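Both complexes below contain chain A, partnered by chain B and then by chain C.
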Partner chain A sequence: MVGKNCFAIASDRRLGVQLQTIATDFQRVFKIHDKLYIGLSGLGTDAQTLYQRLVFRHKLYQLREERDMKPETFASLVSAILYEKRFGPYFCQPVIAGLGEDNEPFICTMDCIGAKELAKDFVVSGTASESLYGACESMYKPNMEPEELFETVSQALMSSVDRDCLSGWGGYVLIV
Partner chain B sequence: MARFDPYENNGGTCVAVAGADYCVVAADTRLSVGYSILSRDHSKIAQLADKCVLASSGFQGDIKALQKNLAAKELIYEHNHNKKMSCPAMAQLLSNTLYYKRFFPYYAFNVLGGLDSEGKGCVFTYDAVGSYERTGYSAQGTGSTLMMPVLDNQLKSPSPLLLPARVSSSSLEFELFNPLMVVFLTPLSESEAVDLVKDVFASATERDIYTGDRLEIVVINSSGTQREYIELRKD
Partner chain C sequence: MAMKVDMSALETNFSIPCLDDGDGMHLSADSPDVPSMVLPTCADFDGFQAATKDMVKNKRGTTTLAFIFDKGVIVAADSRASMGGYISSQTVRKIIEINPYMLGTMAGGAADCQFWHRNLGNKCRLHELSNKRRISIAGASKLLANILYSYRGMGLSIGTMIAGFDEKGPGLYYVDSEGARLVGNRFSVGSGSLYAYGILDEGYRFNMSVEEAAELARRAIYGATFRDAASGGCVSVYHVGPDGWKKLSGDDVGELHYHYYPVQKTPVEQEMTDAPSTSA
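Entry: the complex of A and B
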């Protein structure tokens, strides 16, 4: 979710296989660099593999260009990597959030084969995505300060995952 | 080979919220088939008895049949018992009527709202085959997954899993703070509940393609039934 010169990225902590809970501390939001984060919902192994591949590509970029990747560029990279596997995809829906030039917040989401969707307010993905759409749509206001943004994102996340049996076991919210 | 499919989803969302002495039942008025809109002005709300209102989303063909069935049974009840059916009685009747067709169900997702025999608001929520529960609030239909988390966030206390609701009226305090009595009421005033319903519909209309056009809000309280219409986004 976008705020005033800041963004929030959040996820739940459950890792499950249908009705069984495997972990209650699973990390789904990963850092690419200080001002760029990616959240990956869907298949756990694909989320981890995709993260490892993206970090690899970003480190190479840093070596060649001697700077960090812009969020827009990174989003295009993720989209290309996902589309490479068009007929045998990674079962992940990424949510990308970063601060671009002048600390302008950037967010986007994609489907599992890389169709990018930019948004100005918020993006959601995962099994509770419909609930998240409803909660975020009701609770979002433009230009929220970091403290208010944190409250909003936390409330939206908690209410939505409480209505989804496959999500839950706590939440993780990061404000940048 | 194309087989005849007896069902169709006409979309739409229904909500009901119960209060200390009122009940708000609301539904949008859009009727859709696939990606087309058949009508922007089709009511999903039916008045079954003077303090009992049914809002249904799903397959409107089955819904019309269900409403006709319930109205007929209500009339027979009036003839046999010399009084109109109360909301909890209608709730049980609806459940039985739905389960009667357990192996070829009514494709109807219902929310029944009204006042119980003590004049307190009641809301009953159903699945397609008649499983029901009295709650303080509920949403059913295509936009229900978008609305329920927001209603939970604003109205959490009426859930029977949590502590009893706070209500301003002091006469209800004994009942409410007595842990043996679980009360299904919202701690909001009537106008606050109506505003909340308008807000959740505005949000659901943004993200659900089957919800929109117009919102019909029915408020049942001791003075009777009032109807209000609010315009929603038409895209």
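Entry: the complex of A and C
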């Protein structure tokens, strides 16, 4: 979710196989660099592998260009990597959030084969995405300060995962 | 191959005036005494039933358990209703009070369980009135099992335990919509039943106090709600003794979690600092 010169990215912590809960501390939001985070919902193994591949590509980019990737560029990179596997995809729906030049927040989401969906306010993905859309839509206000953004994102996440069997067991919220 | 469906649920034991007021709210087309349930006209009735069952998405997302011990029967259940992945309610009453000395648990289709348990309650009362004594748990469960057997294959989804106290002592029967009727000392039904069995079987002894037995049941249901996504909400625990059933407790699963595993104070690794104020 976008705020005033800041963004928030949040996820739940459950890892499960259909109805069985395997872990309650699974990390799904990963750091690419200080001002760029990616959240990966969907299959746990694909989330981890995709993250490792993206970090690898970003490190190469840093070595060649001697700077960090811009969020828009990174989103295009993720989209291309996902489309490479068009006929045997990664079962992940990424949510990308970053601060671009002048600390202008950038967010986007994708489906599992790389269709980019830019947004100005908030993006959601996961099993509770329909609930999340509803919660974010009603709680979102433009130009929120970081503290208020944190409250909003936490409330939206908690109320949505409380209505979903397959999400829950706490949440991570990061504000940048 | 006509299947003899048990229509006794629809029998009316009093006469209904057959009013024709144009809206057509009759109990039956011909006469008020002939019970009829309208069946859809289609070529593949069984396939239609299977498709309806899929549509309604009954996945027995629940955990219920019951066990006999020396002081009666303990019955416990969670309270979550789920439709696929969506939680439709966290406050469902899954333990149905059939009469003051008999309880039934609900697993499977909520509507199915509620209707047929209510119907069983009616039949038990009628038995009491015509025989001047209470029906036994064996008899009550047999009544239900026979009804469910006649509806076998038609898409009912019921996995219930009938628990109670009669002249022979505590009684516990498992009855399901496939027509099974099993007598036993310990049962757990639902998607979370395997997790509940693990805790229940480990802690079970025949000689326990009522508080110990209730705590075992509570712990078993809590364990099931931890591992099973389709179970959650609150844990209700009932005890059926010689004087009838009594509700012992209803605890929210989230609060139970922190009761069993209190938060340990961990050393602070990273503190959230205030965001630097940006110059406007």
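In the analysis below, the second predicted complex is superposed on the first by the 176 of 176 C-alpha atoms of A that agree within 3 Å, B and C clash if a C-alpha of one lies under 4 Å from a C-alpha of the other, contacts with A are read in each partner's own complex, and residues count from 1 in each chain.
Here is the rule we use: contacts are C-beta pairs under 8 Å (C-beta built on N, C-alpha and C of every residue); 3 or more make two chains touch, one makes a residue touch a chain.
No experiment lies behind these values; they were computed from the predicted model shown.
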Q | Partner chain in contact with A:Tyr133 - chain B first, chain C second, else both or neither | A | first
Q.
Once chain A of both complexes is superposed, is A:Ser160 in touch with chain B (first), chain C (second), both, or neither?
A. first
Q: Name the contact category of A:Leu19: first (chain B only), second (chain C only), both, or neither.
A: second
Q: Mind telling me which of the two, chain B or chain C, contacts the most residues of chain A?
A: C
Q: Would you mind listing the overlap between the chain B footprint and the chain C footprint on chain A?
A: 162-163
Q: Using the touch definition up top, name the residues of chain A that touch chain C in the complex.
A: 4-6, 14, 16, 18-21, 103, 127-128, 145-147, 162-166, 175
Q: In the complex, go through chain C and note every residue touching chain A.
A: 61, 80, 82, 85-87, 90, 191, 226-230, 232, 272, 275, 278
**Q.** Sites on chain B touched by chain A in the complex
**A.** 143, 145-150, 152-153, 199-200, 203-204, 206-207
Q) How about chain A: which of its residues touch chain B in the complex? A) 130-135, 137-139, 155-156, 159-160, 162-163
